[in-house]
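As written, the chains take the letters A, B and C, and residue 1 is the first residue of each chain.
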Amino acid sequence: MEHLLEQTLNGLQLGFVYALIAVGYTMVYGIIKLINFAHGDVFMIGAFVAVFGFTSWGLPWPLAILVAMLACAVLGMGIERLAYRPLRIKGAPRIAALITAIGVSLFIEYFTSLDFVFGSDYRNVPRVLPERRWEIFGVSINNVQVLVLVTVLVLVVFLQLVVYRTKVGKAMRAVSQDMDAARLMGIDVDRIIGFTFALGSALAAAAGALFAMAYPQIHPFMGIMPGLKAFTAAVLGGIGSIPGALLGALVMGQVEVLTAAYLTTDFRDAIAFALLILVLLFRPTGLLGKTAPEKV
Amino acid sequence: MRKEMLLPAAAVALLYLVLALLRQAGVIGIYWGQIVDLALITTIQAVGLSLIYGFAGQFSLGHAAFYGLGAYVAAFITRTQGGTPLTFALALLAGAAVAGIVALIIGLPILRLRSDYLGIATLGFGIIVKVMLDNADKLSPVLGGARGMAGIPRLTTFHWVFWLAVLTILIARNLVNSSHGRSCIAVREDEVAADIMGIDTTQFKTLAFVMGCAMAGLAGGLYAHLYSFLHPSSFDFLKSFDVLLVVVLGGLGSLTGTVVTSIGWVFLLEGLRDVLGQQFLDWRWVVYALILIAVMIARPQGLMGGKELSLDMLLRRRAARGGADHGAA
Amino acid sequence: MALLECRNVSRHFGGLRALSGLDLSLEQGEVVGLIGPNGAGKTTVFNVITGVFPPTEGEVLLEGRVLNGLKPYRITQLGIARTFQNIRLFREMSVLHNVMAAMHPRCGYGLVDALLRTARFGRREREMRDEALALLERMNLADRAHDKAGSLPYGDQRRLEIARALATHPKVLLLDEPAAGMNPAEVDELVELIRGIAGDFGLTVLLIEHQMGLVMNLCERLVVLDFGEVIAKGTPGEIQRNPRVLEAYLGKGVV
């Protein structure tokens, strides 16, 4: 029983990290219907910057995370500005933006693999905090887990406030419902899209930093699988919906950890994706996705 | 054979003779010969996805899984039954058939999903297949699992690859230019309208998916016997993206665009190796990614933008240009 | 026996009653107009008949055969064709291929014929092409046969929708606002065209239209819908004098 609770806690930690990445996917998708495949690589950059922050630059960890978030916010906006906006202005088909996103993803991965950037080796991440463990009702919990859970909760609350309590959040929701109408109402759509990328990228950076603390190894291709899983989580929950992304991420984290602990490690990913396909077959737009009959 | 087919047929035969002779004479060495073969194998695979996505509009991000299924099935047969031309032919057929049958089984339920959701479901399927291949040694040690499958007889020759590529393109062309093909395109353009015009949309989505995946399976069988070694990582979801971008860059709904881009893409990647030299080899994928982004921004509709390239068109254009030159002079 | 019949048909969307208790029957060769204010449920009638949104209650019958539960493509194959209010052509296909696509159920050859280009394939392709060209000729679109459907001007697109619907060889043709966005000259032309094809092809036509000139001119009988219910039926003359109809269109108190 204790073992199960501990595994559930591990799943929660993983799910929380996925959640921070997934909201970025879902917000961008909600606004411009783009699967931003480069998002996982922004997560990787965030991990590297944060690790450099608390190793080479000697920053305290909250500050290192903030720096990583800022750096990635700028990076995210830059990617949108240079790669996606030109296509949007041309009225290019959606698939062109998707292929461009794949190109951006490859570029970030291989460029950072070059020796004078990050290099292609795996790097071990030193401990940020001296290890502490507590026993609560026989369940062992360590301080990194607490750090991950608390940071994610704080950031999710922050996100909710931004999206539902600020003017820019209201504009984001307006643009995602109807871009043309929002533009006619005087909303600067390009600026809102840029802001959405910045917000999503900052959260992905925080996820990267936390991921590096919890699973202390980083390399330029580390963003691919978490990125993919987080995206899957967003689809599972109903893409375009922030609560959906959070729910999907929690489910994904639990499924992955519990499958590995009790069923099989070899087939862990297969089971996670089989679950995704099953959910889609019964709810074609995800757990919390809206299904409206198409207007004919 | 009808008259209008004569010229293209002659052109294809000529191309075959020239390439075969150049290889015979050693002008195209083993290294570049293999790259030509790989380009044609990529073409077969990409033509398959072109049918599925370019023509029938079904967004598949799992094409490499069917390529992998075909490769492993075919390799298993020649490894266990011996590498004669007959077993090779049967192995290729079996690879294509298994890929097609699996496509039918998973296509029937998931082709109900639309657009990005279908893409994600097929992507998920691709990952499941990759995991299965990683663990395939549990089924039979011959398959090698995560260590890879070695000792596959090298049976893929230029002759096989060339004529199977021609056959694949011909099948795709004949399908696209038929009532069945028009139905597929109608489904891509507007599924609801196609349904109301009397077209059984499920049937045509499935038809394109099964045929396209069988082509990927065939290409996989050829690939397996080209390098004599298979590894599951050659079939992961990133490889599905490769085929997808070939099809999109060629222009959705253009078979000639797909063919030209497949070949161009393989040669671009190899050419970059030459151009960059050993010193800057690490830059290869960086440059490649930049080219990809630049091309997509410059030509978001793809190279051919849904149009087809034809000998007629080329000749006519040359004539027109010639005429214009004369006028200017 | 009526050719097409709706018996007590209702359609709900969640809690919304888009259509309730509709009774409608069309006799062979009739041209009937379906009118009513915006949001009255007119297009829903078409969607229910063509199987896009099957009826929640009641039955739709064609020549006495119940259509409930059949997929749209089956219903079309049995003889009901329609056009769309918000034009839904196959935009990237040529005008000719739009028409030929709708002929697929009677293309008369199989996949093997197509892949091997058999003699039967060649003959049927020529025949379908000729038939499609003749249809385009009839709809004054012959000179645009090889253009992309999406590149046509608005009025031409509306006529192409009709040509495509005719290519399915329907018994009943449902036209959803065929004159929307047309100028008066085009509308007059369209009236003649519809009258002509209805006669030549022996069609029964049900049409939704807001342009009263066209409706009064073309239809022998009108059905008026408001809030998902039939509020009046009769000849154009009777409908014009019906106080409930005026009320529905103009609001209470005007009459």
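Everything below uses one rule, namely that a contact is a pair of C-beta atoms (placed from the backbone, for glycine too) under 8 Å apart; a residue touches a chain by one contact, two chains touch by 3 or more.
Just so you know, these numbers come straight off a predicted model, no measurement behind them.
Novice: I'd like the most central chain, judged by C-alpha centroids against the all-protein C-alpha centroid.
Specialist: So the chain nearest the centre of the shown protein is B.
Novice: If I average the CA coordinates per chain, which chain comes out farthest from subunit A?
Specialist: It is C.
Novice: Provide the C-alpha centroid distance between subunit A and subunit C, rounded to the nearest whole angstrom.
Specialist: Roughly 48 Å, centre to centre.
Novice: Any idea how many Å lie between the Cα centroids of subunit B and subunit C?
Specialist: Spacing between the chain centres: roughly 41 Å.
Novice: Just how far, in Å, is the C-alpha centre of subunit B from the one of subunit A?
Specialist: One centre to the other, that is 33 Å.
Novice: Enumerate the residues of subunit A that touch no fewer than two other chains.
Specialist: 296
Novice: Where in subunit B do residues touch two or more other chains at once?
Specialist: Residues 192.
Novice: Residues of subunit C that touch two or more other chains: which are they?
Specialist: 52, 84, 88
Novice: Inside the complex, what are the residues of subunit A that reach subunit B?
Specialist: Within the complex, subunit A contacts subunit B at residues 33, 35, 83, 86-87, 90, 92-93, 95-96, 99-100, 102-104, 106-107, 109-111, 113-115, 224, 228, 231-232, 235, 239, 266-267, 269-270, 273-274, 276-277, 280-281, 284-285, 294, 296.
Novice: Going by the contact rule set out above, which residues of subunit C touch subunit B in the complex?
Specialist: 50, 52, 71-73, 76-77, 81-82, 84, 88-93, 97, 100-105, 107, 109, 111, 114-117, 121, 124-125, 128, 164-165, 167-168
Novice: For the complex, which residues does subunit B have touching subunit C?
Specialist: On the subunit B side, the touching residues are 171, 174-175, 178-183, 185-186, 189-190, 192-201, 207, 253, 306.
Novice: Enumerate the contact residues on subunit A facing subunit C in the complex.
Specialist: It comes out as residues 293, 295-296.
Novice: Show me the residue ranges of subunit B that touch subunit A in the complex, using the header's touch definition.
Specialist: Residues of subunit B touching subunit A: 109-110, 112-114, 116-117, 119-121, 123-125, 127-128, 131-132, 134-135, 192, 237-238, 241, 244-245, 248-249, 252, 282-283, 285-286, 288-290, 292-293, 296-297, 300-301.
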